[in-house]
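Before any comments, here is the structure.
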């Protein structure tokens, strides 16, 4: 029952928080609960043995071989930590927002669905949680976003539904083909591994599943929903969206596609690896030209996830471990950036790059944190971004050199979008209409949030070994296939 | 040795932490104390290491200490470790010595600056990264500190961030370094994917099983990284603009230490380079081209620090020539002596700027027009500048002569006369531009100069001590030849009289030319500018290279704007959104069918029935 | 023995004429007439085959069809009368909306 | 011979239907419908289903036509006579007299049904009758009830 609590507890808490009489009470319990859940997910490491934590199978096999199975490996556990941590941080960050109970409840609901996705072992439950995760995020963007929230949330939902439709088709095809080939109805991932399906049918299933996951990662052509969703979502919402929801797509690749179709994934290396590189370059180039800070950060996350994709499809242990580490790094650094932009927006209600002037002198603490997290996101060595990117590209170097070189150009472009933005907001003199004069520096609560992020970034940057040892067995297991 | 290595890292880190958490809040104007202490500690440790290695206490001059395993991933293992051998100890010694003196100088120079604390934090962070870079035991760890140094230069060049030129220069420096780092990193990946390790010892031991193509690529890419950091031809655009930073920054980073990191990388991967003679020749060529071009531009610049910047580029080119001709000892020896006298020249320029502070109203650099006849007002600075100039142009007793002479011998040994003659030309050029600066700035006044007729005052005591110390070092550094050769395990330097006389002649010719141009014809410098504005513009623009790189950057920015605006905003985004509108439109058209006209309904019934009937008849 | 094709031709043309009535004429009453035509065409066919094959059930069906058609006509016409009473409009293009 | 007559009646029905379509007035159409019904009745007779033909004339040509005529009469004048003018008189006579002429012609030429080449199965009608009130009894009752209910629709509830 250990794993079931991981998603069941936040679901129950959601209802409790929703029913709270006063808003302050709801906010308090939500934050306390998320802290508790984070501690619980850390404690889960204790019984974590080599390979899978343990297989939780409840109830009897339902129709078509569907059975409630949960299990978690190193990568899934780290993603659970990430979502738990980010929920705590985003709840703490939106402490001052005057929002109804439903706001806090939807975050807990989102957390429950995310935990479900990361722990699901049965494809049916995986899909179930996959779609449930969409609903709270729709409310978060739709109800509490900024001006253009209607369109953005609708676009977000339509895009992701299209993706999950293709995912559903893929899953159904996979299961039926498996049944035809082996005569066994099963949705269990480990049973479906290395299915004997081959030929065109396998190709079409693979394509459908890949499309379903690709919409979520936002791979290049399907990424339009991301910038809008981010610019319109509230700060906490975009932290959760960028921090953990984008990882669901990658996790899907990692957990479903790679083990089930190893040979096809190897064949798909040039296509999907290439798309990863396109993601890196496209995200970086678009970020260079943005004038809205939040939109810039949104495009940076497109670029970072491109690295994850490249790492994943190098199909080497280093690449996959690097990709999963990069998922964590991206959660921390982009989540941090969104928190910072949120704090800025909370004070000045403006997000334009040239709306602010010499913030370095007016708000030095804010400047320090922004600089630190921005440097981690453009991959300065010694911080976590660099570790992830190096591992991904080192993995890909084994597979194909031109892709690695193109990926590296992404790091140069990262400096090209990161530093001018920093200079425009913090160093350039304040323009006539800029909102800098009245800005107050960070208070204790915000500093505390950011110090945890800085500490994690530094720890992952300087000494990533313990985290890598956690990710290593799962990654090399995938790579061997 | 263990403790010395520990001090190397512990001292700067603790100073930084102290500075950031303690001094920043309570006593910002005192932050230089922990920094100076840590500098002293590091200098002591490194000198002690030099002595240990020199006296042969360490087996075959290499001392390695694996510290911890940074990341393990599948086939390759990345470990952080220290490696101090003759090369790194020598350069470390020079770097720490020069840094301590410049830290001392900076205390005086930046005394009245309001963000004094921030300056010293960045300054010391640079010092930490430089030390880390020198003692790294594998390429990846070197890369980590390599970028740390790049970040420090970004922060320090853009220290006075109110000025747009400083911001632009800082960003340009970081981006160009990042482009070079792209090559460096690609080389690291090549090594990782083919050998599985990047430790120097393992890589150099297993050079054999690297295919020649990869070896060639790795060497070229490493040079690309070094070229960016040491401002060689294609990627040297950032160094002249880097003079926007405060003078101690220019002195320490853009003269003595940071820019030599590229040469250090080349020296460090010498065994690898020796396997690929083609790349060595290419390095020599690029080095020569850079030094010639830089010398030509330096001889015509009016701005004090810009002349010195181009002179650094030229001297680095010379070091690259030494590396290119396989003369590792010459390059490292010149690197060390250059570190001393170039730092001295920059510090003297700093005191000149400090002295003329009022008339410059805050500009970070002084032009020759502002100076003029300073010798009488600033005797100490003039004396030090003279020593530095003599050392740079290679007059015998001083350091420059020995190291430059060694490089010329190396070049001569390769037998290619053209290379030798051009190197002589570079040696002459270096004495031309430095003495032109000396004559214009210090001796003899010119009508065009708005020089300090009244009130230039000698800089304070704290700034004079480092200048005098550096003057002594640049005078005495020549004697370091033998111990350095012993540490590097290279052949002891011997003076080939014919080459030294040729070098001395070139230097003397250069001085005479400078004297003739500056002193005999006082306003020559201004007259030819008015006569050929075209030539002036080309030289100012680095033979058109600065504007070319700016144009490339502009084109990339324009492409990114076009990509994000016209593609993302106007065609791809609306396209996906139009899918929704077409769906809605389709729906509306379908509703037109049921407008309520009964006859039409019946008509559709009849049509449907007939189609059905047709289908049925077709089936049977 | 005439071939059934003739009978089919006749009942078919009757049926099509009925359908034409239904589709072309705007008055509701004309539609009812068209409807009756269609029913008779079908009935004619049934009777022909019933007679040819001597199948009593066919005739029984014909009986029932006539009865049903009568009931249907009654209801149809009463509806039309109701319409006529309400707003004097018995043409299809006036009757666009369900609610008036 | 009777088959030919059968076809003749059918053809007549088609002619009348075509005429109905192009009548300018509703009266005209109604009359033509009467013609069609009678022709079809004739066809039933010739097919040997005499009871059916009788029923057709009785129920259809009688009751339904009356209803139809009432509906036409009560429809607004503009509608009933859209192009001003009454239906041509010959049409009425034709509709009524043609079946009798056919019947007479048939009886005179072919004689009674016994000479029908169609090998009428004797007693076809008795079988249908017994069938209607035997196996199909519930059905016929239901249809009767249907007609009764349908006629209720004529009642007009006072507004």
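A, B, C and D are the chain letters, set down in written order, and residue numbers restart from 1 in every chain.
The criterion applied here is as follows: a residue touches a chain if its C-beta (ideal position, glycine included) is under 8 Å from a C-beta of that chain, and two chains touch if they have at least 3 such contacts.
These numbers come from a predicted model, not from an experiment.
Visitor: Which is the least count of steps on a path of touching chains running from chain A to chain B?
Guide: Between chain A and chain B, the shortest chain-hopping route counts 1.
Visitor: Can you name the chain whose C-alpha mean lies closest to the mean of all the C-alpha atoms?
Guide: Measuring from the global C-alpha mean, the nearest chain centre belongs to A.
Visitor: By mean C-alpha position, what chain is farthest away from chain A?
Guide: Farthest by centroid: D.
Visitor: Using the average of all C-alpha atoms in each chain as its centre, how far is it in Å between chain A and chain C?
Guide: Chain centres of chain A and chain C, defined by C-alpha means, are spaced 68 Å apart.
Visitor: For chain C and chain D, let me know how many angstrom lie between their CA-based centres, rounded off.
Guide: 12
Visitor: Centroid of chain B to centroid of chain D, CA atoms only: how many Å?
Guide: The computed centroid separation for chain B versus chain D comes out at 110 Å.
Visitor: Per the centroid of Cα atoms for each chain, what is the distance between chain A and chain D, given in Å?
Guide: 79
Visitor: Touching at least two other chains at once: which residues of chain C meet that condition?
Guide: 24
Visitor: Any chance you could list the residues of chain A touching two or more other chains?
Guide: none
Visitor: Quick check of your reading of the touch definition: is the inter-chain graph here a line, ring, star, complete or other?
Guide: Shape = line; chains linked end to end, path left open.
Visitor: Check the chains against each other and report every pair that touches.
Guide: Pairs satisfying the touch definition: A-B, B-C, C-D.
Visitor: Going by the contact rule at the top, pick out the chain A residues touching chain B in the complex.
Guide: Within the complex, chain A touches chain B at residues 155, 158-159, 221, 224, 227, 282, 285-286, 288-290, 299, 316-318, 321-322, 358, 360, 375, 380-382, 386-387, 390-391, 393-395, 397-398, 401, 404-405, 408-409, 411-412, 415-416, 419-420, 423, 426-429, 463-465, 468-469, 472, 475-476, 479.
Visitor: Under the stated contact criterion, what part of chain C meets chain D in this complex?
Guide: Where chain C meets chain D, its residues are 1-2, 6-7, 10-11, 13-14, 17-18, 20-21, 24-25, 27, 29-30, 32-33, 36-37, 40, 43-44, 47-48, 50-52, 54, 56-57, 59-60, 62-64, 66-75, 77-82, 84-85, 88, 90-91.
Visitor: Can you list the chain B residues touching chain C in their complex?
Guide: Touch list, chain B to chain C: 595-599, 602-603, 606.
Visitor: Mind pulling up the chain C residues that touch chain B in the complex?
Guide: 19, 22-24, 26, 92-93, 95-97
Visitor: Provide the residue numbers of chain D that touch chain C in the complex, in ascending order.
Guide: 3-4, 6-7, 10-11, 13-14, 17-18, 20-21, 26, 29-30, 33, 36-37, 40, 43-44, 47-49, 52, 55-56, 59-60, 63-64, 67-68, 70-72, 74-76, 79, 117-118, 120-121, 124-125, 127-128, 130-132, 136, 139-140, 143-144, 146-147, 149-151, 153-154, 156
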